[in-house]
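Structure, as structure tokens:
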């Protein structure tokens, strides 16, 4: 988030930034569901994977955000495993 | 939560208490998704409605928890409207 | 947050935006501490009041953000009462 | 938390359990303040260290919770370093 705020421009455009904040939030919720051992964690992991993947796609279209893209893809993959 | 911890017994049994904590968490996340204006809020509202309803069912089987049951049902209903 | 992202410019400058996100976070935590009935809620309310007030000051220097300024001041005041 | 709910008895007594939930919450908030790069993270780390230490003390009086005690102490120590 700090990185995007420093870069500005398209990195702080509403749709992109909202997606990033949503991604951070669902990751946090998803980790919490695992921690408390809720049987709903699979649902939440599924949502998390979907949002992480969309976040990766969105970072990808900016070109030089490879680190972010890969972090999101790895996270989505972990979530898919959790969901299974 | 405080109420359940005071009552103890079945109110702190693992399955029930975990469901309650999961319910509080997803409500918070759901509110956050609405606040930030994420297009994923409908998905999260759907999860929220489902968990709130299960929480209401679970409180119902204890008998004298009508206030909790109703709060959960109202919340589930609001979430269903958001989801639509 | 959506409002700031739409306005852009100084509204998304890093220092300001980070302060706003911190403010939203501490408000959420503070509400959670009250909800769970933690004896630490007074500490957290104190932090919340301080951050809300700084957020109000920061919104004030932009000129046309009176609604935000007032919301932050009201929140800081409530927190001060909780803290007492 | 799951561990406490399984053990029951004193592990789910209100004061202890509330302290544990408060501890989990402030750790999460503290991590978020670091992540977003807020200048308030030092305040929050200070609160976090205090709550973690009280949580460690409280787990200690139960006798056989050495793993929890150590995790809380380590966390408090990290927070103290952050706070400095």
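Letters are used for the chains, namely A, B, C and D, taken in the order the chains are written, and counting of residues starts over at 1 for each.
Definition applied: a residue touches a chain if its C-beta (ideal position, glycine included) is under 8 Å from a C-beta of that chain, and two chains touch if they have at least 3 such contacts.
Predicted model, so just to flag it, every value in this text is computed and none were measured.
Participant: If you tally contacting C-beta pairs, which pair wins, A-B or B-C?
Facilitator: Contact tally favours A-B.
Participant: For the copies chain B and chain D, give the interface type as same if over half of its residue numbers appear on both sides, and as different if under half do.
Facilitator: same
Participant: Whole-Å distance, chain A centre to chain B centre, using C-alpha means?
Facilitator: 24
Participant: Compute the distance, rounded to whole Å, between the mean C-alpha positions of chain B and chain C.
Facilitator: Result: the chain centres lie 26 Å from each other.
Participant: Listing for chain C: what residues touch at least two other chains?
Facilitator: As it turns out, chain C has residues touching two or more other chains at 1-2, 18, 21, 32, 36-37.
Participant: Can you tell me which positions in chain C touch chain D when the two form their complex?
Facilitator: Touching chain D from chain C are residues 18-19, 21-22, 25-26, 29, 32-33, 36-40, 43-44, 47, 50-51.
Participant: Quick one: in the complex, what on chain B touches chain D?
Facilitator: So the residues of chain B touching chain D come out as 1-2, 5-6, 8, 12-14, 17-18, 21.
Participant: Quick check on the complex: what are the chain B residues that touch chain C?
Facilitator: Answer in residue numbers: 1-2, 24, 28, 32, 35-37.
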